[in-house]
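Note that the chains are named A, B, C, D, E, F, G and H in the order they appear, and that numbering of residues resets to 1 at the start of each chain.
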Amino acid sequence: MNAGELAGLLGDVAAGRLSAAAAIDRLRHFPSESLPYATIDHHRALRQGQPEVVFCEGKTVEQVAGICRRLADVGGSFLGTRATTEQADALRGEHERLVWHPIARVVHLPDATVGAPTGRVLVVSAGTSDLPVAEEAAVVAEAFGHAVDRLHDVGVAGIHRILAARERLDATDVVIVVAGMEGALPSVVGGLVRQPVIAVPTSVGYGASFGGIAALLGMLNSCASGVTVVNIDNGFGAAAAASRILRR
Amino acid sequence: MNAGELAGLLGDVAAGRLSAAAAIDRLRHFPSESLPYATIDHHRALRQGQPEVVFCEGKTVEQVAGICRRLADVGGSFLGTRATTEQADALRGEHERLVWHPIARVVHLPDATVGAPTGRVLVVSAGTSDLPVAEEAAVVAEAFGHAVDRLHDVGVAGIHRILAARERLDATDVVIVVAGMEGALPSVVGGLVRQPVIAVPTSVGYGASFGGIAALLGMLNSCASGVTVVNIDNGFGAAAAASRILRR
Amino acid sequence: MNAGELAGLLGDVAAGRLSAAAAIDRLRHFPSESLPYATIDHHRALRQGQPEVVFCEGKTVEQVAGICRRLADVGGSFLGTRATTEQADALRGEHERLVWHPIARVVHLPDATVGAPTGRVLVVSAGTSDLPVAEEAAVVAEAFGHAVDRLHDVGVAGIHRILAARERLDATDVVIVVAGMEGALPSVVGGLVRQPVIAVPTSVGYGASFGGIAALLGMLNSCASGVTVVNIDNGFGAAAAASRILRR
Amino acid sequence: MNAGELAGLLGDVAAGRLSAAAAIDRLRHFPSESLPYATIDHHRALRQGQPEVVFCEGKTVEQVAGICRRLADVGGSFLGTRATTEQADALRGEHERLVWHPIARVVHLPDATVGAPTGRVLVVSAGTSDLPVAEEAAVVAEAFGHAVDRLHDVGVAGIHRILAARERLDATDVVIVVAGMEGALPSVVGGLVRQPVIAVPTSVGYGASFGGIAALLGMLNSCASGVTVVNIDNGFGAAAAASRILRR
Amino acid sequence: MNAGELAGLLGDVAAGRLSAAAAIDRLRHFPSESLPYATIDHHRALRQGQPEVVFCEGKTVEQVAGICRRLADVGGSFLGTRATTEQADALRGEHERLVWHPIARVVHLPDATVGAPTGRVLVVSAGTSDLPVAEEAAVVAEAFGHAVDRLHDVGVAGIHRILAARERLDATDVVIVVAGMEGALPSVVGGLVRQPVIAVPTSVGYGASFGGIAALLGMLNSCASGVTVVNIDNGFGAAAAASRILRR
Amino acid sequence: MNAGELAGLLGDVAAGRLSAAAAIDRLRHFPSESLPYATIDHHRALRQGQPEVVFCEGKTVEQVAGICRRLADVGGSFLGTRATTEQADALRGEHERLVWHPIARVVHLPDATVGAPTGRVLVVSAGTSDLPVAEEAAVVAEAFGHAVDRLHDVGVAGIHRILAARERLDATDVVIVVAGMEGALPSVVGGLVRQPVIAVPTSVGYGASFGGIAALLGMLNSCASGVTVVNIDNGFGAAAAASRILRR
Amino acid sequence: MNAGELAGLLGDVAAGRLSAAAAIDRLRHFPSESLPYATIDHHRALRQGQPEVVFCEGKTVEQVAGICRRLADVGGSFLGTRATTEQADALRGEHERLVWHPIARVVHLPDATVGAPTGRVLVVSAGTSDLPVAEEAAVVAEAFGHAVDRLHDVGVAGIHRILAARERLDATDVVIVVAGMEGALPSVVGGLVRQPVIAVPTSVGYGASFGGIAALLGMLNSCASGVTVVNIDNGFGAAAAASRILRR
Amino acid sequence: MNAGELAGLLGDVAAGRLSAAAAIDRLRHFPSESLPYATIDHHRALRQGQPEVVFCEGKTVEQVAGICRRLADVGGSFLGTRATTEQADALRGEHERLVWHPIARVVHLPDATVGAPTGRVLVVSAGTSDLPVAEEAAVVAEAFGHAVDRLHDVGVAGIHRILAARERLDATDVVIVVAGMEGALPSVVGGLVRQPVIAVPTSVGYGASFGGIAALLGMLNSCASGVTVVNIDNGFGAAAAASRILRR
């Protein structure tokens, strides 16, 4: 509820079109909706230009189904990340048009009408094991309405692989770089391109990778300036950040 | 040296305008220049759209002066971050037009000709003690050619302060949010706006803030989707990331 | 055994009503009772105003059953936290009036006579996945004799949700705020209310949430003054702290 | 600005006593005041029952002086923690009634009229080296209008020292327990009393105390139920928490 | 092989009773024996006064059986810690006199002739969940030939429980104190007794106990002087340390 | 593609034997091959003298099978580490000559023609539980064409065991020392020999071994100069490092 | 105050030799004495067999002087560790017989009458930089009445140095082993001797020694059984532990 | 003292040329020499092919001078690392031929006769601030008798800088790669060359570089196989490791 809407509301009160009590009520009843276990934020789309996304991990099948049902009823679409097969199956039983991306672990009930994609995202990954995170980023970016290009398994130990992809790097609007282990790939990519680079550390590795800490620290300390970082394994967050950039 | 330039070079060889030996030489002699203690990357501007920036911390006055002299000679301008007063004084003695920002610890020798600013950055900070980092971000963004707005000391414990700034939040292209302690401000801002949000944790705090780790973790785990993060106290990095977005 | 009781005991000795040997014996035999695997503290209720609570995690079904049997025999009631379904089933077989809260993982054998609740606790949680911890706090606070209000899924990324609950915040005596991920909600709540705020970090999150460390650090570094913190996932501890406040 | 005030404001608009524009203006101009480096929150006293407190660490003498001047002008009093001697000297030159507590590093400009203290706080410390933190808690609690009792150097290695203080423990409303090293004292105190216990870890110790982490973890894992914890060395926070409890 | 034995060996060489080659051979063939996967140290008993003990965790059933068979053949006895039920079953099939302690997870093939116990160890534990570690210490100390007394579930939150055991504390030669969570019990015990106190942190706890780190740090920072510490959950190590003390 | 090959390529262009467009194409098409989930680096053997090795952990059976099929087709051999039994079974069904080392978890399809081994590696391990890592190092070193000697279970608590092996230490070219727990063995070995010593920390241990961190730190801080370290449990890396030394 | 003394006290009350009020008073007035900043524990000597020791770090010169004055008045002696030169100078001005050990940073006012030493401690250190900690252990052990032998700079990288000292190792009652860096020396010593081994990690080292964490972890994970550990740099604690053993 | 020398010694005993007592004495008096604060290992050169090197940090000027005097007297040369200017000045006053490298902080008293260098080391560094560590490696490698080439400031953000140095990379026997921040350079170099690569993390960086931890973890998790790592800032260790390789 921005200043303009507030002015309108107050104008209605001043004009006697709305009682003070009713105005208080409206101010209180933002478009959020309470389930016993969730407070759904239906107007996030207005505020942020992105739909409410359901983080399915740690929720029961019933909770996920209930939240998605309300989102589908009110807005006609939803997106769910970190979904289990069991959650996806329950949703598929209920929503005919649902799309399930098993590698990315994403469920998507698309809007009935989809426009042309706006902007282009290149998702680059360092190794085959980074695929689930890279795909989460790619699938979510597509669901958010952007064109997506993919470049997999081009880690820095074979530096010619990323160098050979210069044209694809040049042809994108935003680069998402996904890497585990030492997480060096975003530094190299950040030095090669002038576009925004969003780095996603993954928990791929063992021993002193400490579940992605090594990659995370590598990316935060990148010697390439202007590389930004999201949480470990957070492909969704990288896509959301790319979308903030592309929707400007 | 992109594919086009490479094609030109090879075309010259094919046409006999350039010997194979000379071509090898050129391919080897990228526009980097070796000082005894540094390899200066003169064509970063071409590659990344931003000039080579000198990180002054940990370098001697002589090293900083030497590198900046070469940058000024070749490109006519330079930017230095984390400069000490001693380093700034040495540079001011040598470069008449040098601008010194003591709070931000930034030295700047601007281009002789400066164009109109492109795009607008809002730098938001949580507390007065975050000022040096916020100013580093602001001053660097200005040096990179963007318009900058500032909003200081609006931490979440007095939530009305950031809510009262909704119009300024709406009027910007990119938001940089600087916060120490628990680092919660970017989550709140990220929930309020649809633009890109770059979070900068600072080392402000004590005890279990662990020199900025608490703020860093808070930002990486932000429940607001699409918030990206740079290193602790890295105001420069946030400005560089904003610039990558604005120069698209 | 406080100074008054000690004076009484010594008076009995001085008056010849009690032999020195018997007095030594009493001083030594505090009302604690030894099982082979536990030393039950029957007079904690006297000392702290709260019954002995059994932390069931890491104990065998036999140990839990044995301890609860003694507590029921001596005091007529018990409370168990972090109970497994198997432990709860064993206790239900033995204690007819037992109440089992599966989400909160709490077993409760209430006193036969329950008074009116004293004081009011509001349990606020940031997300649906924080529910088990929030419910542990709520159920324990109820078992301790307090009225409990609940407000779920009002994290800071949709700040209007907590702002819309101002009246419920104002109407309570103590606020318990449960949050995972960046743990920012207690800072916002602490800035909004003047009552005691007890923050409970949860292990909800992934990657750099490090099993609740991010939320814990966020809460310890809260910029809202006077917010206190309990251990990660320790809903019970928050309720016990609230009860110390309300029983004053 | 609570619901009642909002109703009043809207009533004024409905009655034509206030134009919509003026109402918008008021809603926007909460009683916060912008200095170039700070956004002062004058109505925190209304919201939280405690005055705005200035955390002096990391601020320049000029910034501290400027903020305190505004607080004194508007509200007639201020409290500053973690002040340096230099900051205190500057404030003493400007505010005649200023009180400077050098061990606690607290500056206090009291209200001209001070009421009788409400409630009683007992500050217990484990060792002599914990004194600065304990005194910060004690001095702030006094400044907030509470009676304060002190019990120093009663760590658990000489357990009779705390046991000998049972009467003083029984006679208080809230206990603040300050300890470094292994931080065990709050567990013992928490087992002895039924009142609220606020634990303050200190950075006192060496080696594996890791600047207070050992004490912090000890307190978070306290086997005494309902002990709450604040940040390392945060005597101020403990006093603020005690004040939230006592002002109910 | 001590200096005396070496002198004897060299004397034999000098006297011609042993050739230089044979002496080299003996010096090389210390009484260690090579299996494909282990180098068994048969003369550790001579060197350290304690038999070779098999740490069974991480070894296959075959490896454990093979090593124990050789120890039984050469020395007639063995002790195994952290044994699984499967490993114990295999050993029981092979060694008739084997004793299996399932709570302590210890297997023991005692010497055919057992002398009277030397010295007395008191094993104190803070909570019921610490039992497996406490029992490992107790059982191993018994196997090493010492008398063992046990005192369970006397954590510091009910301080009278340990105070009530003063006579048992006074009657022992060495105290082993086993505690998880905040690990405060060894500090209290260390302050009460003058005997050696060996502290064993356990991984009992959750959240910020970090698998025993909180208890470990608490014990390392104990304010009671002269308390020593072993690894987390290392009941065996505490018993071995006690045995070094008692065998002097 | 080294400078010589580049000269040849450019010579071909200069001579008209190759068009500029074709040269660009070749420069772009390094001998890497794209599968949907991997970018295989066929000429790593040229660049590094070692074949492409497949890290099987975190890859599906299909991905491992697909990558190995391409490597076998192009180069006639492959090596896979951290293979599961399931992955190994799939590969054995497809490649008749495949060798499966279950303790080392290594699959190997050797070259049809194998030369005599070059250089000698001694793999030393501290305990029986370190065997899988030590065997990974040994098997990989053999697959890389080196002679391998093994010395198991010679940890420093029985120092005579390693001292007794001085001749075998003297007879090797490179020593790989594998140890968990405190990781002290490389320091002792590094002090005894003059050859290169590569230390491999293992995750063997419990409690404060923190999954190999204790051993890793011990090795990084070795007081024996010139000992180098690889990642925790990285037997493969140690063998690869040894091979770099032996192939010089 | 043990059970015997309590029996005597109660007997006095029963016999009318002592009033109940006086008995309460005595029970309350244990022999601890309150200064404004300290609660001195005069009867620790009775309880633990060791005098109250002043940890001087973090105390002002005045506090140290005041506490030591009371200890000298009551008991005729004191021991202070981690003393600064300034503190030592102040104490020397007041106590003529004071001994100041500058390397160990220990001040000692010995008892007027000193008996013959009981038991023998060998202090072994790994490197010259460990000297201050080793000397703290040695000087305190001497002050506690034990004979002390020293063996410096015998780290494991030159293993023959410690092997050459076998006779001195055999001739002691307790071994204190002081080491920084990887902290491996206690493991080797623990494998060589059968006496109690107390390991002291030091903060000597750099980089990944993390201020002594590497050495601490190495010692906690020692593969030599029965080695116990004290805090980093805690030479005093090791001497106190040795004294507990020797005074049995 | 190897097996051959031992055989000789025993032969002398057998032949009556040496008494048993004298032989014991010799076996005990290895060529190490005891100063009050150090045990100098004169025959390390024999054992390891490298002279005893003095780590000067944490030693007093007197200790350094005393140890170096003995090394010069016995062997005619010494090398000292991490020397302060004060230590270097003291040594220069005493040893005329001493060479002082202030950037590398190394003092060197070379052998009177120096042979031709054996083998070639290339020291590569990522940034100008890494120079002190890189120079320590270079100077020590030269002192150990190897030819050294240097390549500074070629970090991965400008990847063409290292690619342009392919010929120098190919021309060396061992590569030492020194890098702070994200520590990615060794991964790139390791992918480019087939020689041994020794990675040295430096403490260059800020914030989440954590004093070199980020670089250390990056290098340990390098995706380039066979890269080995030494301690943070340990240029000396890298040179010693290179020397072990080159002296084979």
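Rule of thumb we're sticking to: a contact is a pair of C-beta atoms (placed from the backbone, for glycine too) under 8 Å apart; a residue touches a chain by one contact, two chains touch by 3 or more.
Bear in mind that the values here come from a model prediction, so they are computed numbers and not experimental data.
**Q** Chain E and chain D are one sequence twice: same or different residues at the contact, by the over-half rule?
**A** Interface between chain D and chain E is built from largely the same residues.
**Q** Starting from the Cα centroid of chain G, hunt down the chain whose centroid lies farthest away.
**A** The chain lying farthest from chain G is A.
**Q** For chain F, which other chain has the most distant CA centre?
**A** The most distant chain relative to chain F turns out to be D.
**Q** Would you kindly tell me how far, in whole Å, the mean C-alpha position of chain F lies from that of chain E?
**A** Averaging C-alpha atoms per chain gives centres 38 Å apart.
**Q** Counting only Cα atoms for the centres, state how far chain C is from chain G in Å.
**A** Centre separation, chain C to chain G: 40 Å.
**Q** Two or more other chains touching the same residue: where does that happen in chain B?
**A** 3, 158, 191-192, 207-209, 213, 216, 220-221, 225, 231-232
**Q** Can you list every touching chain pair?
**A** Taking the chains two at a time, the touching pairs are A-B, A-C, A-D, A-F, A-H, B-C, B-D, B-F, B-H, C-D, C-E, C-G, D-E, D-G, E-F, E-G, E-H, F-G, F-H, G-H.
**Q** Can you tell me which positions in chain E touch chain C when the two form their complex?
**A** Residues in contact with chain C: 128-129, 131, 152-154, 158, 160-161, 164, 204, 206-209.
**Q** Mind pulling up the chain F residues that touch chain H in the complex?
**A** For chain F paired with chain H, touching residues are 2-3, 47-50, 53, 166-167, 170, 173, 191-198, 216, 220-221, 225-232, 236-245, 247-248.
**Q** Looking at the complex, which residues from chain D come into contact with chain E?
**A** 126-127, 155-159, 163, 181-184, 187-188, 190-192, 205, 207-210, 213-215, 217-225
**Q** Please name which positions on chain D make contact with chain B in the complex.
**A** Its residues touching chain B are 1, 28-30, 32, 36-39, 41, 44, 55, 57-59, 63, 67, 82, 201, 203, 211-213, 216, 231-234.
**Q** Which of the residues in chain A end up touching chain D in this complex?
**A** Contact set of chain A toward chain D: 3, 6-7, 10-11, 13-14, 16, 19-20, 23-24, 27.
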